[in-house]
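Input: structures, listed below.
Below, chain A partners chain B and then partners chain C, in two separate complexes.
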Partner chain A sequence: MEVNEQTLRSAARPGSKDASAGRALRRRRLLSAWLFMLPLLAVNVLVILGPSVATVYYSFTEWSGIGPAEWVGLQNYTDILSDGDFWSALSHNLLWTVIFLTVPIGMGLGGAFMLSQITRFQMIFRVLFFIPYVMASVVNAAIWQNILDPDRGIGSTLALLGIPWLEGVSFFGSQALALPAVAFVDNWHWWGFVVLLFLTALQSVDKELYEAAKMDGAGRWQQFVNVTIPGIRATLVFVVLMTIIGSLLVFDYIYIITQGGPAGASEVVGTLMYKEAFARFEAGYAAALGLGMSFLSGLIVMIFIYLRRKGWEV
Partner chain B sequence: MGGLSAATGGRRSQREPSKAPYYVLLVLLAIFAIGPFVVLLFNSLKTNAEIGRNPLGPPLSPVFENFPTAWSQGGFATTMVNSAILTVGTVVGVCVIAGMAAYAMARLDLPGTDVVLLYLFVASALPFQLFLVPLFFLWSSLSLTNTLLGLIIIYWAIFSPFATLLLRSYLVALPRGFEDAARVDGATELQILLRVILPLSWPGFLTIALVSGLGAWNEYFFALTFIQDNSLKPVTTSFNAFQSNFSRDWGLTSAAGIIIILPVVALFLALQRRFISGLTAGGLKG
Partner chain C sequence: MPFERMLMMQRPLSRRQFIVRGGKAALGAGIAGSVLAGCGGGSSAGGPVTMWSNLEPGDPQDFFKQNIEPGFEKANQGTKLDVTFQPPAEIDRLVRTALQGGEGPDIIPTPGPAYAAEYVDANLFAELDEYVNQYSWDDKLLGWALDLGRSDDKLYTIPYQLQTMILYFNSTLFEEMGLQPPKSRDELEGLAEELNGQGIVPFAAGIGDEPAAVEWFPTVFWNHFSGPQALYEALTGETPFSDAVFVDAIELFNDYVQRGWFGGSREKFFSNGFDALHADFGDGKAAMNIEGSWFMASAVDFFGQGAGNENDWDWAPLPPMQSGVPQEMYALGIGSTISVNARSANTDGAASFIDYLVADKKRAAEYMAAVPSAFNAPLPFEEGDFPGSMDERVRRQLVSLSQATGNGNFGYTNWTFWPSKSTVYIQEEIQKVLTGDMTAAEYCEGLAGVFTEERKEGLVPKIIEPGA
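And now, the complex of A and B:
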């Protein structure tokens, strides 16, 4: 190995008789470097960067998706601000954010903490918790549509056992329950993933800190608050950030299960945008909605970076 | 730790707390995670009449007819092939695209690697809301909607940035000696990548293949948007159409669901550690 590096170095030394060969070698490497990058950059520009830039332009136009786009300035944005459907959808995104900042993060922290305290069967629990996350969203959704079916689900099963309260309740079909019910299903597929993120972080927390806390007479809860939470702060902040952004942009489970219904009860901005573009052919308006939501999530990332620069411990 | 607490047990008034409550709660969480799949399996083995009498319990007289019926009514002979093409095409393409790019960044002293890395981080975090609408109309004008290739190209673009980042961190850690030797022997960079790097870094490639393959197999949203032709639909979108048509026949729906998740379950149980480490790294990408 050393011999080879020696050979390379002498080949590249200026003034030696191999200098031009060395330059040719470097040129060849530079050329191959960019050639090797080309496929990645090409598909990325074609699918993501180019259309993202186009979204900025189309958001200022009236465009059906076919034919020419007509420049309308800020019209789409002022329309959004006076669109009742948008504000209703955005309020559902905010409710979604609150649910996902509490339930899966709470389950994730608790689950990861308990897993870190045991050794036997830990791997089995990890695998079991993770399974819903790797299964297709459409199948996960169908399973819960079956379990929460008003006539052939949990309600009628409990009724057979003499507990009639849930019989005939249509979780996804009721205005009041649709959004929390979809959030429940989405959380069911998500929380196990959060457990594993936290568990990875927990395993790097110094075990001696727990021992020291125990010596000082700290109970389980005090250990959790004073050792666990500070030890995984970076991951916790990351998960909170990812949750907020994910909640602003949420789409899949809602679209699969309720399509935003009934009567807009589970509509979020993501599903609204999809309908504007592909059902109402308001592509310009949809572009403005998409850009607005992307801008909002970018803004939140910026705020976090800014606070961290300012020395906040977030 | 156990030995230590036994040794100091005499002096300490507080005993090591029992782990039993943790196990009880963890088992409850495991039932919450897995129970619904058990219901899926149960209902796939019941007739529609039995589901009416016994909605969620174990089948009292298991039947297997739902599987062939779901297979033919759900058009799985077609959609399975489409999904297989999408998955294999995505995996091969992502391995080639990400393998070449990661090699360029880790080994070929690509100028501006930091800028490219930053771009990849941003690109892998961009929401589909930002590019979906113009992409759809661009794909229409290029006649790439309603083609499997058009969808595969989108999957390449979506899965490659993360795969490149993961593979690059893998390649950076490999020793350089072998490739320098090959270079001195006059091998081209492509030969080095194929004959030297690939055999050394196959675990990294396996991880990105699993993550992008799983992503392509399960993907719903882009398939829904870009494929309308029934003969080109993958299992996910055709399942959802099937499920809405037969929403009251939970036996058929459950059997179709089992057919879709079976390949993933088998692969996941065989390679669970690699799946989990690859996917949690994916969650930490942004």
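And now, the complex of A and C:
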């Protein structure tokens, strides 16, 4: 290795007799690197770049998913702008984002902070919190569909115990409740993971900072705001970023539980896109919808990068 | 109701499973091609025949593997049938992807004639006309069913899994309460009010598991309120779907939902799953169930000691809800169609299997007796055609359907006769009528627009006139 470095340094000097040997070595190294990367690049081109380029192309066409595609230019994009279903679905994505930026993050922070204060049984709680996250979404959904069933679920059970206020409430069949109810189920599976992320971050916060804060007379809340939050800022930003992007692309729980119903009350762009592609056979339009959402996600990432470069601690 | 939707239980296929299965199918097709190429190619029977099936796990798949597959291979020495059971809820998407990629098995199912039309337009299905004479399908199969499989007078698909919408009732409950199945709209509404007043849900209903199943109800109300003649005129372009006769039918359905007759309340109608609603029906918490003939296959799971009750079920034709609508009339439905891949290397073998599965009355009757509704062939059955082991109610339904259609007393299910975009419109937008976000008139106006466009594109299958 050392010899090679010397050779390279020699090669860097113009006119050196080792220059050509150095260049050859550099080429060989470059070639080796590309050969190692080639299989991965090929896979990427095949499964990511290829479909991505195809999606861009099809977004400018009218295509049913079979047969030839007809070039329609920007028609799909202009149609999206005047599509009431799209704007309704996007508004549900935004509502979903607000819910997930507040509820699970709040619960995660609180849970992690409380968990960090105990030493006994912490592992048990960590496992318990993590179990919903590793369960299949269809299983989680089925569990909660049964629990929230208006006739056989928790509402009717509570009614038998003399607490009738949830009796007959159809959480997934009500236009007002469907989206929050599905968000609740998704949150149930997600928040435990957030707890563990924050807990890991909390454990890296210097304990002396807490001691110093205590000596300065800071209470628990002040410690949390002035020591904990700054100490886990990087994790917090990561979770916020993932939450926003995840909320824009949300699909599974909504599709499994309500399929966007009733009457579009829980429709998000992901489920709308699926329906366009595989129910209405408007694959070109669905491609445009997908690209639109990718653009939005990319925009958010760019904003974060921009803010970081401007010196914001995000 | 396409078979994948009537099977009620969605089992998503992972990308990995899809790749593995697609790979197997491609490998199968590749092997088939190689073998045939080695034998001189062509489309002669004798090589393997690959097939994707939408049959549900359990009895239908078991029966197929234990009886149909070995039976066919025995009857066609040297021809191996390689069937892959695909998730019913996903099979159309898988077929679409495979065909677009130039793959797919020799024998391909679709959800119905209206869906098959797109594949025919894209030249993805083989013409089957030469086999019509070879196997005498014109003489064996029901004429209207064969016509449904034709496009520009050429045969591309064989309709299969015949079905219709009927009124199931909890016969034990009816007997205890001294009730009779309704024979008119007045009787139906009187019955519903009486049951509702006694705390019994008149109709077990819900679309929580499968929102697209809401299409059963526009189909029922258009057929039994608007009538088959009005539907015929609309489907042939003489009358728009915005006509008052269709609007009134939707308003009537909406009225019943708002009264809580379907599922107990509008919200429960939206959220009830199939198991829950069928359990209510079996337990007598709900008295009736408007559903397709496919429910006969699973009724045993919800009635009797096995289901934890002492109840039994029966069925009756849906009553006419307006004068002029025939008393005993059945909306015709096709659960799936069967076609041969245009790229098949063994079209002869594929056609011979279709003939084996569909066209032999004795054999088909045995299948239909063994597993109700999964193998309903488009054949002109009579009472004596079915084995004695067949459930009397299933036999009665099949004979009634055959006789009524023979007499021209038939209607049209939307999943069979409406093109795909119109079908999706019917499924998606009707929910907005039920929630009050759209009026029945707006709904029908929208359908008229979508349907007219698809009709212009030639996507409406051949419509047979009722009474013809």
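List of remarks:
As a working rule, the second predicted complex is superposed on the first by the 271 of 314 C-alpha atoms of A that agree within 3 Å, B and C clash if a C-alpha of one lies under 4 Å from a C-alpha of the other, contacts with A are read in each partner's own complex, and residues count from 1 in each chain.
We take it that contacts are C-beta pairs under 8 Å (C-beta built on N, C-alpha and C of every residue); 3 or more make two chains touch, one makes a residue touch a chain.
What you see is a predicted model, and the numbers here were worked out from it, not measured in a lab.
Applying the stated clash criterion after superposition on chain A shows that chain B and chain C collide. More residues of chain A lie in touch with B than with the remaining chain of the pair chain B and chain C. When the shared chain is aligned, chain C comes close enough to touch A:G168, but chain B does not. Of the two partner chains, neither chain B nor chain C is touched by A:W221.
Legend: residue contacts after superposition of the two complexes on their common chain; A:P51 is shown touching chain B, with no touch to chain C. After overlaying the two complexes on the shared chain, residue contacts for A:F281 are found with chain C alone; chain B is out of touch. In the superposed model, A:R152 lies in contact with both chain B and chain C.
In the superposed pair of complexes, A:Q259 makes contact with chain C only, with no contact to chain B.
Stretch 3-11 of chain C is the one among 3-11, 39-47 or 237-245 that clashes with chain B after the shared chain A is superposed. Across the superposed pair, chain B and chain C both touch chain A at residues 65-66, 138, 145, 149, 152, 278.
Considering their complex, residues 1, 14, 17, 19, 22-23, 25-26, 29-30, 32-34, 36-37, 39-40, 43, 51-52, 54-57, 96-98, 100-101, 103-105, 108-111, 116, 123, 126-138, 153-154, 156-158, 160-161, 164, 177, 180-181, 183-184, 188-190, 193, 214, 217-218, 220-221, 225, 235-237, 239-240, 243, 247-248, 250, 253-254, 257, 260-261, 264-265, 268-269, 272, 275-276, 279-280, 283-284, 286 of chain B touch chain A. Chain contact summary for the complex, chain C toward chain A: residues 12, 92-93, 96-97, 99-100, 118-119, 121-122, 124, 207-208, 211-212, 264-273, 276, 280, 420-421, 424, 427-428, 431-432, 434-435, 437. Looking at the complex, you find that chain A touches chain B at residues 1, 4-5, 7-8, 28-30, 32-34, 36-37, 39-40, 43-44, 46-52, 54-55, 58, 65-66, 107, 110-111, 114-115, 117-118, 121, 125-140, 142-147, 149, 152-154, 156-157, 160, 188, 192-193, 196-197, 200, 211, 214, 217, 220, 238, 242, 245, 249, 251-252, 255-256, 270, 273, 277-278, 283, 286-287, 289-291, 293-294, 297.
Put simply, chain A touches chain C in their complex at residues 64-67, 138, 145, 149-152, 168, 170-175, 258-265, 275, 278-281.
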